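What follows is a set of structures to go through.
Two complexes, one shared chain (chain A), two partners (chain B, chain C).
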Partner chain A sequence: MTSFLEALAWLGDPAHWSGPSGIPIRTAEHLGYTVLGVLVAALIAVPLGLYAGHTGRLASLSLALAGAARALPTLGLVTLFALLLGIGLGAPLLAFVILAIPSLLAGTIAAVQSADPATVDAARAQGMTETQILARVEIPLGMPLLIGGVRGATVQVVATAMLAAYVGNGGLGRYIFLGLGARDYPQMLAGSLLIIALALVLDLSLLLLQRLTAPRGVRAA
Partner chain B sequence: MTIHSTRRHLLGTLGAGGLALGAAACGGSDPFEEEGAAGASDAGGGSAGIVIGSQAYYSNEIIAELFAQVLEAEGYTVERQYQIGQREVYIPELESGALSLLPDYLGNLLQHYDPDAESASPEEIHAALGEALPEGLRVLDFAAASDQDSYTTTSDFAAEHSLTTIGDLAGVEEDLTIAANSEFEVRPYGPEGAKEIYGVDVSVVPVEDSGGPLTVQALLDGDVQLADIYTADPAIAENDLVVLEDPESMILPQNVVPVVTDAIDEGAEAAIGTVLSALSADDLVELNRRSVVDQASSADIASDWLSEKGLV
Partner chain C sequence: MIGFENVRKEYPGGALAVEDFSLEVASHESVVLVGTSGSGKTTLLRMINRMVDPTSGVVHIDGDDVSRLDPVVLRRSIGYVMQASGLLPHRTVEDNIITVPVLRGTSRAQARVRALELMETVGLDVSLATRYPAQLSGGQQQRVGVARGLAADPNILLMDEPFGAVDPIVRGELQLELQRLQRELRKTIVFVTHDIDEAFLIGDRVVILRPGGIVAQVGTPQEILAAPADDFVRTFVGADRGARSLHVERTDGRDVVVDADGRAAGVLEAGAASP
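Moving on, here comes the complex of A and B:
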């Protein structure tokens, strides 16, 4: 309990809110790594998920691979990639992408497949092309599920992005590693609290977005 | 809190007992033996159970195993509790008597008890530890072998700028960065110390694997010009790296020093002493190399070394 109060005092110290290693900069870096990781993962997982979900091809294979990828230990990946790529942002970013893909892929496939087959058939009977069916029927109907995939991936990456600091980057992980190494536990706890707060903010924002994108009359989320 | 104060109380009792027994170190205060065997486990018997711990650091486990085997050869019963993690975890175990011996390092052990301790010679740190340790704990002699932080660079960089000491870095024109754990930033031998003592400007690139493969890689890749690599790391010789000398003793000396409880009697202390006086800096590097490169077990590494030195 004492350390919790000390961590709050650390957070309240104005000295920790300015400069290149101040909380605003570190939070921005942390958020940047998260967004970048999820974005790159989405560029890979969303098109693949749309294809797999719409055609039914590769769906079980990609889900199985994605499931297996969830078991990869991220710290191990960061170390492995950093030995290959050197220190810097490349190695942790690659690990975050691998971490984010399973949720995004599963979310996208589920989103496309959630559309009622009768609705899809009706669209096809009206003469819609397959691309139109995907873009005008399946994606809008499944949007809350797709956002749900983004939400899961984001929360995972934001909670893991502290590992960027393991190999020479910034982010809120710097407070955790410095606190751990220098036995400055209030600082370590403060870093953790900031990450928790950031994760909650992102989670709630995406939840809100999920609600807002639900088509009228459909409550898929 | 209750557990904590009970432990304090027990420690006080043990301390008082130790005082009553006088300066001659007897093996009577092992709390495991306290009830009945306190008298029987006196120095002559040599059969008191000794519990040896080690940090969660492969090199530390090898040193612990050296002590374990040399004690077993003397007829002591040894229990091994290796890989206990950090000082915050094992020091209370030593203070409570659950562990009786653990190989530690001079400077870091002193800083655990006195965070403001300044760097000094190994002898001075050893003397300061005598004062700083709580009752019931003591350090034995320290070994020549040490495993300490360093300003290490590649042989190319050292040759290019003719570097032998940390102070020579002051003449290097380019911006200097050192790959190290992030706490290096706040250590007395970190950037501030380098500036103050040697007039060298260096900034830290945090790489959090404690001088491990990533830190070495960052140095070899040229991402940094310097790296904090522990001096007993076989990677230094393997990659032909140069450890810059520290004539002003800016970096805390980290010679191997066993921290023990009263469960270590005179006979045990003498046996451990044979290892300590034989263990040179090069020996420790070689022991580590056998673990890292040859993947040998700590038990094999220890028994090979002890028989090579004729200690068992």
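Moving on, here comes the complex of A and C:
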């Protein structure tokens, strides 16, 4: 309890809110790593998921691979990639991408497959091309599930992005690793609290986005 | 004109949906394919717009082999109405109706004007235009489905059990409505149902199918009732149950037509009776 109060005191210290290692900059860095990791993962997982979900090809294979990827320990990956790629942003980013892909892939496949097969069949029978079916029927109807995948991936990456500091980068992980090295537990705890707060804000924002993207006619039902 | 020439459909794994089917459907004619499940009737219907490709044999429209046509272009030129409407749940009624004209490049504004006309044609209140399908009754949804099928003014209208999912009273209304529409529009209609009464009501000609797409009998409703080809047809049309055999009983000086169970079916008009 004392260290919790000390952590709050640490957070309340104006000195920690300014300068290049202040909380705003570290939060921005942390958010930047998260967005970058999820974005790169989305560039891979979303097109693959759309293809797999729409055609049914590769769907079980990619879900199996994604499931296996979930079991990889991210700290181990960061260490391994850092040994291969050296100190810098490359190693943690690669690990975040691998961490984010399973949720994104599963979410995208589920989104595309959530459309009623009869609706898709009718769209095809009216003369929609396969791309039009995907863009005008399957994606709009599945959008909340797709955003759900983004949400899952984002929360996982934001919670893990502190590992970027482990190999010499910034982000809120700095406070944790600095505090760990200096046995400054209030600072460690403050860093954790900031990460938790950021994760909650992102989770709720994406939850709101999920609600907002629910197709209108379906909500009316 | 639509023609089927020795069409066969085998699904991977060996299931035989249609063995060997041939039929010509004249322009402006309505033909009903009727049979139980497994008779291949829906498979045959979907061969016309290439939702199913036959394993062998040819389907042609006005002399063109459909297998040589781009399926997307072909489907946009043919109206398709399906069971449970198949409307896009995230689009309004008018946006559902204009699906095909918009795919064919008509501007939305222009297509919307036509959509409102079509809503009146199929007996829908135009105030429903901005509703979503889930906000409509089953019968209203089917009317939207019919309007969508007609939106691009196709020559051919394919209807796959379009009234199968609505209650009998609404079904009756929709059937009469379709008869009225067909008198006005004179489309070539291929209609699939398992209901022989519906088939006799809608079809200029009726094709009774056995399992495997084998034709048991083709003819006008009158021809089929007058001379069922065999016991299968007799059973199918209900002739064996006496449901189709009516006789005249004289009551209070009028000729009342009565069915085999003794239920009154109507009054025989003077002059219409044969001696």
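FYI, the second predicted complex is superposed on the first by the 217 of 221 C-alpha atoms of A that agree within 3 Å, B and C clash if a C-alpha of one lies under 4 Å from a C-alpha of the other, contacts with A are read in each partner's own complex, and residues count from 1 in each chain.
Going forward, a contact is a pair of C-beta atoms (placed from the backbone, for glycine too) under 8 Å apart; a residue touches a chain by one contact, two chains touch by 3 or more.
Everything quoted here is computed from the prediction, not taken from an experiment.
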Worksheet entry | Which superposed partner A:Thr2 touches (first chain B, second chain C, both, neither) | neither
Worksheet entry | Which superposed partner A:Leu178 touches (first chain B, second chain C, both, neither) | first
Worksheet item: Touch check for A:Pro140: first (chain B), second (chain C), both, or neither?
Response: second
Discussion item. Contacts for A:Ala122 in the overlay, against chain B (first) and chain C (second): which applies, first, second, both or neither?
Written reply: second
Practice prompt. Once the structures are superposed on A, label A:Thr131 by its partner contacts, choosing first (chain B), second (chain C), both or neither.
Written response: neither
Item to complete: Could you let me know whether more residues of chain A are touched by chain B or by chain C?
Response: C
Discussion item. Output the chain A positions appearing in both contact lists, the one against chain B and the one against chain C.
Written reply: none
Worksheet entry | Parts of chain A lying in touch with chain C, wherever the complex brings them together | 116, 118-119, 121-129, 132, 136-137, 140-141, 215-218, 220-221
Discussion item. Under the definition above, what is the set of chain B residues touching chain A in their complex?
Written reply: 88, 179, 181-183, 185-186, 205-209, 213-214, 217-218, 221, 223
Worksheet, complete the sentence: Listed in rising order, the residues of chain A that touch chain B in the complex are 79, 82-83, 86-88, 165-168, 174, 177-178, 181-183
Worksheet, complete the sentence: Within the complex, chain A is touched by chain C residues 46, 49, 51, 72-77, 80, 82, 84-92, 99-100, 103-104, 132-135, 148
